[in-house]
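Chain naming follows the written order as A, B, C, D and E, and within any one chain the residues start at number 1.
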Amino acid sequence: SKPAQEETQQQKLTITGASTIAPLVSVLGKKFEEKHPGTRIDVHTGGSARGLADANQGLADIGMVSEALTEEEKKGLKVFLIGLDGVSIIVNKANPIKSMTSEQVKSIYTGKINNWKELGGPEAPITKIHKAEGRSTLKLFLNYFKLDNKFIKADTVIGDDQQGIKVVAGNPNAIGYVSIGSAEYEMSQGVPVKLLALDGVEATTANVANGKFPLMRELNLVVKNSPGKLTQQFVDFAQNKDNYEIITQEHFVPPTKH
Amino acid sequence: MYLLRIIAAFVGVIVVFILVFLMMESMPVLNQVGLLAFLTNDSWNPGDKLYNLTPMLVSTVFVVAGAVVVATPLGILSALFCHYYAPEKIAHFYRRLMELLAGVPGVVYGFWGLMVLIPLINRWHPPGSSLLAGILMLTLLIMPTIALIADASFAGIADEYLHGAISLGLTRSGTIFSLILPIARSELLMGIILATGRALGETMIVLMVCGNIVQIPDSLFAPIRTLPANIALEMDFALGNHRSALFVSGLLLMAISLVLVLLAEAIKDN
Amino acid sequence: MSKKTANSSENLALKNPFELGYTFFLKNPVNQKIVYGDILLAIVVWTVAISVTAIFLCICADLVIHGLSKLSWQFLLSEPENAGREGGIASILVSTLMLLIICLAVAVPLSLGTAILLAEYTSKNHWFGRWLRISLDMLASVPSIVFGLFGNAVFCIILGMGFSILSGGLTLACMILPMLIRSMEEGLRMVPDEYRLGAASLGISRISTLINLLLPAAVPSLIAGLILGIGRASAETAALIYTSGYVDRMPQSWLDSGRALSLHIYDLSMNVSGGDSNAYASALVLMMLLIVIDSLASWIGRQWLNRRLQY
Amino acid sequence: MLPSKTKFKTSAANAQLSQYYLLTDQLSLHYGSKPAFKNVTLTIPRGCITALIGPSGCGKTSFLCCLNRLTDLIPNCSISGQIFLENLNILHPQTDTTALRRRVGMLFQKPNPFPLSIWKNIVFPLREHGYHDREEIEQIVEEVLKDVGLWNEVKDRLKSSALRLSGGQKQRLCLARTLALKPEILLMDEPCSALDPISSAIVEDLIASLRGKYTILIVTHNLAQARRIADYVALFWCEEGTGKLIEAGSVEEIFENPQQPITAAYISGNRG
Amino acid sequence: MLPSKTKFKTSAANAQLSQYYLLTDQLSLHYGSKPAFKNVTLTIPRGCITALIGPSGCGKTSFLCCLNRLTDLIPNCSISGQIFLENLNILHPQTDTTALRRRVGMLFQKPNPFPLSIWKNIVFPLREHGYHDREEIEQIVEEVLKDVGLWNEVKDRLKSSALRLSGGQKQRLCLARTLALKPEILLMDEPCSALDPISSAIVEDLIASLRGKYTILIVTHNLAQARRIADYVALFWCEEGTGKLIEAGSVEEIFENPQQPITAAYISGNRG
């Protein structure tokens, strides 16, 4: 009865990893379950690092990683891109500033500019919101602006994007960087934040999708080099164009071009 | 009796297990860099093998001490209100309220702090996320614990003492300060310790309202990062020594509470 | 006594609702000065009570304003959809209740047993009691996330329960042990010695004394501990992420993963953009659930108390 | 106290206010719906010792509790009728009960020292009543403890818990604590019940020495004692579970010339 | 009890075991380091009523508590010496205390009914002792309540809380609850202290009627009562804060021909 057992084992997939992707994968999982009755997709969070580790050790069938993998990390794993997430600077809606250059962002975060006045805004100290150690958004941000985390002088360190949006919404002098998709959605809901154009490029999901906006991260699923049948099925399902609608719904960008 | 022994031993084993788990997880980094590194390194930067926890330790102590100092009188006064001031119906309502407050998830408090309290403080003294916000929100979190335990202990005070006090013509305040609080002393102390523990270990609220900047606060309005917030912020992304170092934060928290508990025992014995 | 405990709020409480709990212009018999302390304390107590209520109502109002529109039977009875932004919380409610059941079913007997041993069978200075008490107090300050990782390591992996309601419940049980044990123990210690002496002199065994006299007399503290424990368990998020998991499907068994209500609230408000209104509604449901559970707990306690008076 | 028992109308009672110090008029007390005693009309003259006697459960303790409104604290307890202390309407809802209880001290049947040290048991009520001078307090403590014959027994352990005293010692401590406050009226519920003949005699002498300075109402089961120290005696009796006042009068009248057959039977020791 | 007070050596005591029922040998009790009483050697004959008298605080209650090992439950309390109940070494650590306390019933000085209903106060210990037949239990309850004269007062509210009884009623309830268990030995600490003469007489008659069936040790401050009901009397005294046994003997010896001057003074009512 060994094959039968294998069969039943294959009915269940365990997916762990980045909390950013988890809601998306849950929704995908539900849809997959509907299409394949009798299967079960269990999604758990715990961070990208965890996703990688679990996938490597076989604790999970699939790992979720919310950043591009380094060559070393890729060893022994197959990586499937399922979406993109643009990251941009946000400020409170009351802030008159509309765009920013990379230099300005850099100066603000290293403490060279401390007052909005210096950027042509009102006389008010800048409240800088920064991400916590290890987050993929942070790595992306540091890489892009060529900053060293040690020299950044932040006023508030946050964990999740939503927290950043809420802080900025409540503080007219705050600046932060969050997922463009989430920010767009919140703006549409009337939350008083706005996305700044970066180096002249409007921060919109459209610009992320067409590759114009430079600051973005990958949303990946990783699996062992020899995935099981169901695993492969699910990964294919997640990458399927039919499901791009779901990805958009979750305020991410489908990986059209990439 | 034997059953009880077995149960208690079981509980003891669980406690030991958790301690051992913490120790084991923190061992690698402790072996490599030693305990002292956590107090003397230049900064907290596990990526560069710098593990200074002192600022977070100090911040944690500040925020918890602040919360306990504010919440203890509030909690005890609340319980007094239920027992000796409020008419029965109001007391009943108030008690239900405390019970509810005791079960509100940290996220909900944190959320409220984020949306209401922080903008308020920000208007007064930016950036808003601060030691003060942490103290206020933690106060809200632990006050019901103290209030409920105090309430239960007041309920346990025999009527005959109250009757005695009343018939001596003592005022309410006199009865409370000289009789009720001394009688309930040991329970109140226990309540405070439990509440302190809860505040020490609380993650979500401080994570959301304190600002999470690693520094020794120089004022009430300075943002801080506490040890549990540190664990929660970085655990998901930490590997190897970094992860281990986070468990050391956990050990350190227990050390703080050990000091507190021993202190409380000393007070009680005197 | 039972009357007293049931009505304990009546102790010194007012008969006259218009009296605010202090005596107007009471003169000191010796120096004939008006006693201000009493008035002051009354004012302070009422102020505290009113402001605490006000703050609480603020939070509540916040929840109600944002959450009430979403709240309906539909919301309670349907499954979450679209990562929880839409749909209801039926499966999450069930998971939460299952978690609480496991947690309490494990923690209550353990802590009751330990509290009894500590309070009735070991002297206050016995080494075992002393150490257990100290380590429990220490345990109370361990961050919940560490409990989560502990539970993950022990229950999920070593004991092979995987991400499941069972391992989540057990982890919660470990977490609330200190709270339960310590308050129950102090409650038992508060019971006057005369009952113990009286029972002993009638040749009543200690077990029976405990069940019939001491535990009922300690009911207020037992309930307080229980309610604190329930509160803490139902408010927990961090520990559950690593143990009972994130899956928001209706759990089929104790070994299924299931998402707790507080975790759902956390995820919706912190991780899912556009989840706020459902987060509010879920928080509202959690509060109502707590009201129900807490009332149930004290009702059971009081029932037990009253049973003693029966024939 | 009136030589013969008379039931006043309220108006009549008011007229007598100046003459009689403490006065109850048609006082009844119910626990729930069960009456503990009914229609007790009694006057207690100033500066005298009045003894309440009667069988167990006839409402003596309940009666005392009315006089300082301690009944407020007993759930389900309701009073009807009137009580006047000079011009003060004790049962009026607006009466300041704390002030009243400072005037009317009470000693309980079951001694209830606070679970504090012996010293604190006496000193903390004193402080509350406005004594702050350390020396004066020390002096008062010593004095009252000597008065009740407890000083020698406890002088070297004033700081130890009052719960570790023997039964009689507790009773004397409670008496001392009440006396230290010097209330106008002293209600004593069996102050000598747990005392040996020697201590009992000391307390009795003490009570007798307070005559004139305080108004004392004492419940006692010891008829000989009542006869020795009381000026007036009131006999309660239990009829169908409800207490009532049978007869009241001066000690000679009651003991030598009782008007009611029940009284005669009770004082002669025959069973009712 | 020996006609004249004799101090046994332990060996001598053992020899007398069969003759004397309950026997203490050089019994001392300390609370912490403070002795409550010292070197009490006393024999209590089977089936007789022995009265303990003495001033307040001289260790009578403490002495009673030793006899059923209730002292085990009192913190800081240590005993030295020996107590034998027939062949049972009471103070031996291996003695089954629950069984012992079933043989040796005790009534406390301060009545301590359980916070249960009146009915349950009696029935709960009965059930514990193995009575399960409902009818038998009902009969026993009625019988003991009648014995202590409480039946008429409480028969229509057996289900209400025992804490709502009057002082004397509580005391009688506690007595009833102890009697219901029919222990071999009854230790009674001032069973009549809160009782009026009538109830007191009822209880006294009851105790007297138990003579021969039970062995009774009664603490009383009422010398007349001791004289009326006791067969033997033991006088405790307090010297420098420590209790000791002054004299013990038959009631006639003590009251008519006391050997010790203290005894003579005490029974004549002069102050020691």
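Following the convention adopted for this analysis, a contact is a pair of C-beta atoms (placed from the backbone, for glycine too) under 8 Å apart; a residue touches a chain by one contact, two chains touch by 3 or more.
Remember, it's a predicted structure, so these values are computed and weren't measured experimentally.
Between the contact lists of chain C and chain D, the overlap consists of B, E.
Chain pairs B-D and C-E differ in how many C-beta pairs are in contact, and the one with more is C-E. Relative to the C-alpha centre of chain E, the farthest chain centre belongs to A.
Per-chain CA centroids place chain A at a distance of 81 Å from chain D.
If you average the Cα atoms of chain C and of chain E, the two centres end up 46 Å apart. Between chain B and chain C the centroid-to-centroid distance comes to 16 Å (mean Cα coordinates, whole Å). The distance from the centre of chain A to the centre of chain C, each centre being the mean of the chain's C-alpha atoms, comes to 37 Å.
For chain A, residues touching at least two other chains, in rising order: 19, 45-46, 159, 163.
Residue positions of chain B with contacts to 2 or more other chains are 111, 115, 159, 162, 166, 171-172, 174, 232, 235. Shown for chain D are the residues that touch two or more other chains, namely 73, 98-99, 102, 110, 129. Note for the complex: chain B touches chain A at residues 43, 45-48, 111, 114-115, 118-119, 122, 126-129, 207-208, 211-213, 223, 225, 232-239. Within the complex formed with chain B, the residues of chain D that make contact are 68, 70, 73, 98-103, 105-106, 108, 110, 112-116, 120, 124-125, 127-129, 174, 177-178, 181, 183.
Only residues 1-4, 123, 193-206, 208, 212-213, 216-217, 308-311 of chain C touch chain E when the two sit together in their complex. The touching residues of chain C, counted against chain B in their complex, run 4-5, 7-14, 17, 20-23, 26, 35, 37-38, 40-42, 44-46, 48-49, 52-53, 55-56, 58-59, 62-63, 109-111, 113-114, 116-118, 121, 128, 132, 134-147, 149-150, 153-154, 174, 177-179, 181-183, 186-187, 189-192, 207, 217-218, 220-221, 223-225, 227-228, 230-232, 234-238, 262, 265-266, 269-270, 279, 283, 286-287, 290-291, 294-295. Of all residues in chain B, those touching chain D in their complex are 159-172, 174, 178-179, 182-183.
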